[in-house]
């Protein structure tokens, strides 16, 4: 179903080329002043056409909030976010009506529903995340202002180019200092170059986003099937193109010994802390008060200009060279999406 | 909360050193003949004391099924599985009453609940997975017998020793041909040696389990927040010691180009298939009829005999050398647990 | 929360005097042709200003459907229904800013949320049911066209004037033959007169709606906490002003003996049936194939022109005489709302 | 499904003539000392064989609690309650194997599941409520001791004999002063006589339970589909034999005018209160701080000794005269069940 969360619930609707996309946020606390500036800011970080490494397709992605707010404050009633699709050009896509694009959801949607809105991917398009980001930004804003919880995502890897520093919280400013959203200027430049190069070759790149959440108090999360890390994994795997999730030391810990990666407890600043943070801030599914650290793996954009073999829904072999406007690498634009979902998950447990 | 699933629901209860552990399976179809042999077989694969690389602690883990079954068949009513804890030796653990063991859930449970059953990890112990396995084995059995869905998990990596073959479904027999549950005899032997060696050094190892599910029809899974891969990730992250989840090409795809990893569609045997399976059998959150392939990363066992620094709940520094009976590597025993949760997830969508 | 249902899910948003009200319907089957005529017809039965016994406040209640539909058919994606509030006149309500109107939700919303959209009742207004009706009408349409399930609600009682015939399914035409929606012309006239009289006296009336659902197959519903009758009760109690729910023989059965009201089974037309239907079509929480019959009790409209004592939120005593445009009796307009919720519940179990 | 609640969740399992019945209570707060005396007391109020107006069938209904409790206190882990069925005599029921008993769930369970545990009603037996009562009593105990919330249910009507006083909270002692659990000695005696008489005539009686909850703070409940009254209705309709639910003025309000039944607000004892309580303590789905008042209608016991016509599952006409041990009126034994479910619902919102 199209709903995330139990106490704070996001319900998403809309398609890439419908009139509108939107989201309903239910369970959000009352009395919080709406800051449309931050919401719009997060939408702008996600929107197409924002830089030379994003799709040239442009959308203003201006959000309308038309319920759940009274005299500038939330009322506890469901909050409805709506964004108009202004740049849908259905003609761009009519030739894809019968094609199963490689590594897209064309075939599976048809298998599942027997019908498919083929315009720009329809419901399976990443466009629908605009609604999430609007709603999630509101939760993120409240987490900062009322709970002291800061969520900072950044690009950790593009193709084979990786940030090698330890995970830490980076401010929005330092992440936004370049268009690829990697807080190391030198590596960022390499990443941007790599994206430009892949783009010139009509190809696409993948990457990894790292997210650090500071300020989460110890004791958040529920055993056994409602673990905080399980909820985060679930949310992140809901993003298009995501193929992996890891927390703290992640997959690398599989190669290590217990004596190398166990996090010892210590008392620091009068607080129970761990000397290392391979646990990624969560133990037994419950936060331990250290930074929550996780990484999300994105595959390269499925839509590429390079010629590919595939078939139509009548089984005919065809050759496909995408000509539409698409991102050579979705990872930089996915940074606010990761933050959004993290905010929704943390909010679901904390608010 | 302690419930997994929406249509097929597992509710778990019990602690490591309580009288019993158990599970209630709700929503299971009626009229299915119970095969206690397979259920017990899966429990035996999970149970302690089964081999030289598992904890010497022994439990028979004999399951009692005392509701939801009438004259040998399921009735549609909730099925209750109960397993007695016969070998709980609470004296073993009394010295841990006030200790926060490194990389365990002692501190977080105390932060969350203000109270903690410290005997053997209490509710946070992997012992509680015995109840899951009993319930999941029944679902797994039905998937095989009535749906032609086969779930095969195996050890893919122990420490730095990795299986290098492509993921594929291995029969239970070939997985069970050795005690580490890796279907390559040569690599299995290396893995076993590594575990013996770590054990002798009072240390522990991590590893990776790969799971291949064949026979899932195309069209299973729901967008957007109810994706099949998101549900699998959620379930797998519910297992103790799991730090990562990846599907199909996983994290490696982040380093690749679209032209390298896109899965082209083709018509083979009159069926829409993909020529490669980097998608891992799921596209847009919905199964595409190819094998579902995922990997689960386990950190090394937190309990080790090597001396470690940590603190008590009153902030006192102490030195800890675990002397209890524990696994040098939990990964081989976790194979049926991965299968169990996969069965519960697939069953939740398919039944 | 503002969501009803598990498989077919309605999420509602909006306030009486906001810009819009709306609803998202998730889980609706794909491939069903949208009939906007029937949806609008049900909205028109609910809308204000429709007759001399309804509030003179007028709204066109024209519905926009802008997601989940492609080329006239549902796609399986969430369907968004939106209705503009064209006649909101916030000045009408500003004097109520601080008043706790008797038997309204002013005080409880303030106690719950600390803030309140006082314009026309805000979120607690029955206006929000317009969104439900739009979504429910689509489900109702599918139940008729694809499942042969017919839901017929009608006014059974207004004030002390009651229909005395046995419950049965009445066609839409016979229910619509008069403005009070009671399928007995003589009794309907009495009801209408009673409403006119109460209205002239600035007072209000309550009543009872009876609903008969034919065509539901035997075997729908789940024990124990997911009984079909429990789901119906839950849904009906969600309607403003509803104070009671009963099924089949209802409260009257409490005065009877088992030998008087037990429903004997018999074979009729080759089908297992009961000779009487005091069970109201549901036994043990599961449909038995007979007509489902239930009644919903509505209290009189809380808003009346008669002078009432009450207090403000600062504890000041005041005298209140409502002058706004309100219904002397909400029951006739609630008929499509009862049908809508019945359709959503039956759809949730059947689709 | 067999689970009630969202935050405090009861999962029920077991059948009338299985080895055990049980319940898992999840989400219960940690650190609460278990009072097995009160739990057993509530079970004893529900158990068969307790008086001359209950079934002579006897069960000790002794509860075992074997998880979620450590050193006498709850730990936050799921709490498992188990009760042995000691008096199941399957021979009593073998002649019912193929019979569809009038107004029982035999036919509907068979329609739903294709299979049926016919011994004593199997899963559809009211016996399974013993598990609920054990779990609910714990919640009820905590509501009293930590929240000052008192739930008092009592018999309001048996057959045509009714209590005529206004609803009010009666202490356990006054309710328990007689075996029919009606807090008016004179009327209680009439009720008991009526039950004895019906029993002598091999017939059965119905009745109504009234429940008053005092101490619930204003502000509990969520609009729109998560109203406190909707949750109460849902829970009460989950009890076998219940045919109706009403809150506050209930069905009678349908015959009244707004001016007669509106509840005016007033300031009393420095608290916002209403001068009357026709709302039954809930307005707009949210508690207003007044006593919560509702009534639950029970039909007469379906099992009677009087001869009845019915059919078998092969369509054969048969004559049925129940000879098993059954209650001539279930209402007195249902009093703790109503309290239990009320406690679970209030706890779900409040804890």
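A few remarks follow.
Letters are used for the chains, namely A, B, C and D, taken in the order the chains are written, and counting of residues starts over at 1 for each.
The working rule: a contact is a pair of C-beta atoms (placed from the backbone, for glycine too) under 8 Å apart; a residue touches a chain by one contact, two chains touch by 3 or more.
Note that the coordinates shown come from a computational prediction; the quantities given were computed from them, not determined experimentally.
Touching chain C and chain D at once are the following chains: A, B.
Taking the mean of C-alpha positions as each chain's centre, the chain lying farthest from the centre of chain A is D. One simple way to say how far apart two chains are is to compare their mean CA positions; for chain A and chain C this gives 39 Å.
Centroids built from CA atoms put chain C at 47 Å from chain B.
Residues of chain B found to touch two or more other chains are 1-3, 12, 77, 109, 112, 123, 223. Across the interface of their complex, chain D is touched by residues 1-4, 10, 12, 100, 102-105, 107-109, 111-112, 123-124, 128, 157, 159-160, 198, 203-208, 218-227, 229-231, 233-238, 240, 243-251, 253-267, 272, 274-275, 278-280, 282-289, 297-304, 306, 308-311, 315, 317 of chain C.
Those residues of chain D lying in contact with chain A across their complex are 6, 77, 223.
Residues 1-3, 9, 11-15, 18-22, 24, 26-27, 30-31, 66-68, 70, 73-80, 109, 112-117, 122-123 of chain C are the ones that touch chain A when the two sit in their complex.
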